[in-house]
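Comments concern the structure below.
Note that the chains are named A, B, C, D, E and F in the order they appear, and that numbering of residues resets to 1 at the start of each chain.
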Amino acid sequence: MELIKDGKRLDGRKPDELRPIKIEAGPLHRADGSCYLEWGGNKIIAAVYGPKEAIPRHIQNPTRAVINAKYNMASFSVGDRKRPGPDRRSREISKITSEALENVILTEMFPRAMIDVNIEVLDADAGTRCAGITAAAVALADAGIPMEDIPVACAAGKVGDTVVLDLMGEEDQEGQADVPLAIAPRTENILLLQMDGHLTVEEFDRALELAMNGCQQIATMQREALMKKYQSFEED
Amino acid sequence: MELIKDGKRLDGRKPDELRPIKIEAGPLHRADGSCYLEWGGNKIIAAVYGPKEAIPRHIQNPTRAVINAKYNMASFSVGDRKRPGPDRRSREISKITSEALENVILTEMFPRAMIDVNIEVLDADAGTRCAGITAAAVALADAGIPMEDIPVACAAGKVGDTVVLDLMGEEDQEGQADVPLAIAPRTENILLLQMDGHLTVEEFDRALELAMNGCQQIATMQREALMKKYQSFEED
Amino acid sequence: MELIKDGKRLDGRKPDELRPIKIEAGPLHRADGSCYLEWGGNKIIAAVYGPKEAIPRHIQNPTRAVINAKYNMASFSVGDRKRPGPDRRSREISKITSEALENVILTEMFPRAMIDVNIEVLDADAGTRCAGITAAAVALADAGIPMEDIPVACAAGKVGDTVVLDLMGEEDQEGQADVPLAIAPRTENILLLQMDGHLTVEEFDRALELAMNGCQQIATMQREALMKKYQSFEED
Amino acid sequence: MNISSIKKDYLYRLAKQGKRPDGRATSEYRPITIERGVVNMAEGSAMVSIGNTTVLAGIKMDLGEPYPDTPNKGALSTAAELIPLASPDFESGPPRENAIELARVVDRGIRESGTINLEELCIEPGEKVWVVFIDIHILDYDGNLFDACSLAASAALLDAQIPNERFEMGENRPLPVQDPPISCTFVKYNGTIVVDPSLEEDEVAEARYTVAVDKNGDIRAMQKGLSGSFTVDEIRQSIATARQMAPTIRKILEG
Amino acid sequence: MNISSIKKDYLYRLAKQGKRPDGRATSEYRPITIERGVVNMAEGSAMVSIGNTTVLAGIKMDLGEPYPDTPNKGALSTAAELIPLASPDFESGPPRENAIELARVVDRGIRESGTINLEELCIEPGEKVWVVFIDIHILDYDGNLFDACSLAASAALLDAQIPNERFEMGENRPLPVQDPPISCTFVKYNGTIVVDPSLEEDEVAEARYTVAVDKNGDIRAMQKGLSGSFTVDEIRQSIATARQMAPTIRKILEG
Amino acid sequence: MNISSIKKDYLYRLAKQGKRPDGRATSEYRPITIERGVVNMAEGSAMVSIGNTTVLAGIKMDLGEPYPDTPNKGALSTAAELIPLASPDFESGPPRENAIELARVVDRGIRESGTINLEELCIEPGEKVWVVFIDIHILDYDGNLFDACSLAASAALLDAQIPNERFEMGENRPLPVQDPPISCTFVKYNGTIVVDPSLEEDEVAEARYTVAVDKNGDIRAMQKGLSGSFTVDEIRQSIATARQMAPTIRKILEG
């Protein structure tokens, strides 16, 4: 498959162009905070509960809140049915997502508490871990959890020997490298960074630059989604 | 297979006739109360332990006892070997059995306690959930657990376009509907009611009537079995 | 396969001869006590942690320490890959190993405590449970756990109609009987004894005698290994 | 007296006056919305809301062996995931009793109604059949999961295509589905019986009753749950109410 | 001083006088009853009581692949379920160490005695063999599960038919079984060794020893358990006792 | 103030002076030793020590089906067991998040470097391929498991033979392996970044970064872990350090 043709990608995007993204803050009634996110073919929903007493007790930290993110793919969100329940991949993603979010949450305000962050992938089209973190961040803000900054994530990669932003499904499968990145957008501190594939140091630098840029664009959309929800409250 | 011929069923019964039932109260030495039940080709044993402190603690209810019924089929009780351990079917039956028994037990007399009700199907020939509840009720009475009434259960159903009482194996497999029912016999309050198959409203009414009737007949046998055990004590 | 030829075994040993054994006390840095053992083609490592507070609490014994031995085979230690994690065989061996070690440890000195004994089979060539107990005993001594005696284990068996000491791989597979034995060497009290196969009473007596003898030889090697470690400390 | 008993008291007092916390009549259903085809990767899908309760059902199909006793039929497997997204009371991990009962009741309604023509899903008798997986995710829990899940499963089936293309077996074609059941759930508390319970009503419910009826008003499945009891008359009355409501709900489902 | 140490004291004092709580001599077995064919759906079954201990063994057979190292032999799988019916100390859930040890010791006795002719259970070498499942349910626990389970497993095997009819492979025929082992279990407490321990004796036991002998009095399997120890002479004496008892028990089993 | 915060304080004060608890410079690696072929029963094996951290990797191979999307390729499965032998903090039981992340990072390095020629492990396209299992046991944990496990896995692969003989498929031959990745791990605490963390440094680490480079100095895999953060410059500097170190480590690995 020719992934880049005449400088355009399979879906017509330029190398440094994001897929369409739609963010809605607070679609769920029961959760303390929530977010619905469409990002290319991805559909993600995130919900936050807490802070609440950490249970079972032995997981409590006497000096700060524990962040318990769970990334889960619906069995019908992928080509062949995924068996329900966590597999090794989703457990790794849950772990690094928890760690990335913990960085910005003012956890020391809530000793012995836990904050549950549930991320459900309803429809998957590459980049779900970045989409999940981005949605979770909006849900945390919607829940009023105090944070230093609202984290945001985006991947870059290499396809058809070109470094590109935000891989979609075919690019992820046929591509040469994938670099998911999560940052705190104000400081540009790196909260999550993975890479697999084959990149020269120069290509990696370019990928990091593209992803950083993508993150900043999405950070704006996150803030707009939150503003929209608060405005709609004020209008009520 | 012709399930009804000349108004008679495969095993010669009339539509409103029960299979032969044998109930023995207290056959086990270790349990606080027990019951052995033969019902057609079913062989069931039930044992009760408690009231005792509920463990682990987080399952304790501060105002009443927790009823913990476990329905289990022996691996050799069915045609093809059943894998040991609970499956989805047995977990559903355990749940609704616990709920049905809880209705009549004076649980508020035993806060923070649990009462274990173990039901083992040794030989299975349709209607094991009703047989299990019927045996469990006798075991509870044998254990001296205070109850408003002694629950009893029986199924009705539809085979060969006829509404019949108490389906046996072939009728269960080839039949058109099955309606398991558990009641408190004094009030005829419904403690458990399920149905699957296809019944008109009139047929359902008839099935309910038959099952209610069957329950009352079996309730008499339960009381006789308990009387027999107490008399044998007095004779000693 | 002819297992005994001209009074010699496949590997040239006489019937009452042990395979070569090498014992090293204290090879691990992190563990409180450890042992590395080579015995024929077996390679075993044992590590001891404790006494420490028993967790979870409900396993605590208010009058003595709990001994928690875990026997584990590496997935690559056998011909066809073993699935990681405990199977029924390893759980039985863990249980009887815990019981054998508990006999000699002065457990009443450490109420509410637990002592973890981890036995890893890295390379397997028959007799791993005996090798594991022998290594665990040295690790316990290395950890300074007070014991009445240092347990030791060795198997005897029957191959080619001859009662022999210390079966190796082919003898174990093709042999007629296997008798693993663990003793406290000073009293010759029997801590572990199993047998499967076919032995007359006279053959069993002979096997027990051979295994008892083998144990005493190995007990000497255990003491030498421990002496060697302490001497090397003194030399420092 | 704690929060939950204050809430219970409040609902009891309302019930005595024939009222419900959200102002509905005892036999009044909340608004239902159904959106089909929401998941691109699924063979079929539907998002169903009953009031603020929202569930998403997705269909996946795979090739497998038939059950030995039905060599000429495809297979059906239904699971419900009470994911912790939907309620602080749901836990992650393997399905618990509540999720199992829920999935089995939904499954029975669909199976006993003959909703899926399983014979048409046989490819090679005794050897190869289609297996239909219905997976239901609860997204927002505000009461009455039984009806929401049953509706979502039916709507997703109606939306589904057999994925012949993915298995290189020709063109996709619609899953053979007809006459799904309409499930109606009632709960009883303090002597009052209400249809389509809200979350608060679920929380104080003493007994629950679900009945699935077909387009002729015949009964295909039922399930009584919880430790409370019903009288025979209460069951009969509930069946009558369900049969009255079913055509309206069926129109929303099939429309 | 709690109940359990009072009980222990009592048993210790009795033992000093050579007595047991139920009045038996140290080498006296309780009455054994065996009822075969109690489970209609099983290929074979037996209910065994030793005193008040009651266990039920059932046999099921299925077709499967042979183990790679024994392509010409059927397979055997033995499991014991310590179901909570039988004792307040048994828990439901996956088998724990005690149940695993119990099942493995029963399995070894039967396997090493060549009780089942596994060669005759081969249908197609390397491809298809019969798998024999022995499942043992403890119904009433009053001590000495090892012997009760071993007897029940053997009796159920002697009762079993190969279920050719269920698999449409011709007529059922008896499972080829001969010379089952006789298992004899001893426990030691406070220096006394008793055969066939009752529940109270199991509870205070420091060491346990089981030996399985064949009809010639040869040894086929043994297992020492618990944290206490035995001397060589104690083991020899126990073997001698077991060999004396075995013919009587065998008569009950085969009779 | 507890032991762990005293330790943390101590490390922080050292770090301010550019020092580490064991006297190393921030970009100084501990001595590495590699012993291949230590497990006779394995297809390949290697024991690797970095300072006092010791891990053992063993390779096993089996025949299996290829993944549907790579019918012409063998399969690779990597697992790490944090057995309780190696540390009082490791628990027995199924692998936890830490072990899963560790194994997946090692696996990615090997997979993305094309270390194993998986095409050569295809026996019958779409039907039968070799499956390579890398199992890594941690024996002694004194920090930096990511690099120790990566090295051990690579060294064990270089030692491995395809076990044709065991499967009666001809003679054994070397597993086709080339150019394994070199993994370099850094941790950050109190603003200082150090390579090859010791146990004490692992315990106070706020952020962790692992990068795997190939023989050309190109990047094949990376993983940032823990709740701390890195700046872009810190990542760049770490990559530069890793590329400087890799040739020396590669010599030890391949030598």
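Keep in mind that, in the parts below, a contact is a pair of C-beta atoms (placed from the backbone, for glycine too) under 8 Å apart; a residue touches a chain by one contact, two chains touch by 3 or more.
The structure displayed is predicted, hence computed values, not measured ones.
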(message) Following contacts chain by chain, what is the lowest number of steps it takes to reach subunit E starting at subunit D?
(response) 2
(message) I need the common contact partners of subunit B and subunit E, sorted by label.
(response) none
(message) Centroid of subunit C to centroid of subunit D, CA atoms only: how many Å?
(response) 58
(message) Rounded to a whole Å, what is the gap between the Cα centroids of subunit A and subunit C?
(response) 52
(request) Express in whole angstrom the distance between the two chain centres, defined as the mean CA positions of subunit E and subunit F. (result) 48
(message) Two-or-more-chain contact residues of subunit F, please, as numbers and ranges.
(response) none
(message) Could you pull out the residues of subunit B that touch at least 2 other chains?
(response) 80
(message) Under that contact definition the chains make a ring. Starting at subunit B and heading to subunit D next, list them in order.
(response) B, D, A, F, C, E
(request) Over in the complex, which subunit E residues touch subunit B? Could you list them? (result) 38-43, 45, 52, 54, 56, 58-62, 79, 81, 83-88, 92-94, 133, 135, 137, 139-142, 166, 199
(request) Sort out for me which residues of subunit A touch subunit F in the complex. (result) 80, 88-89, 91-92, 94-96, 99-100, 102-103, 184, 187-201, 204-205, 208, 212
(message) Could you list, by residue number, the parts of subunit E that touch subunit C in their complex?
(response) 68, 97-98, 100-101, 103-104, 108, 111-112, 209, 214, 217-232, 235-236, 239, 243
(request) Can you check the complex and tell me which residues of subunit C touch subunit F? (result) 28-31, 41, 43, 45-47, 49, 52, 70, 72, 74-81, 84-86, 116, 118, 120, 122-125
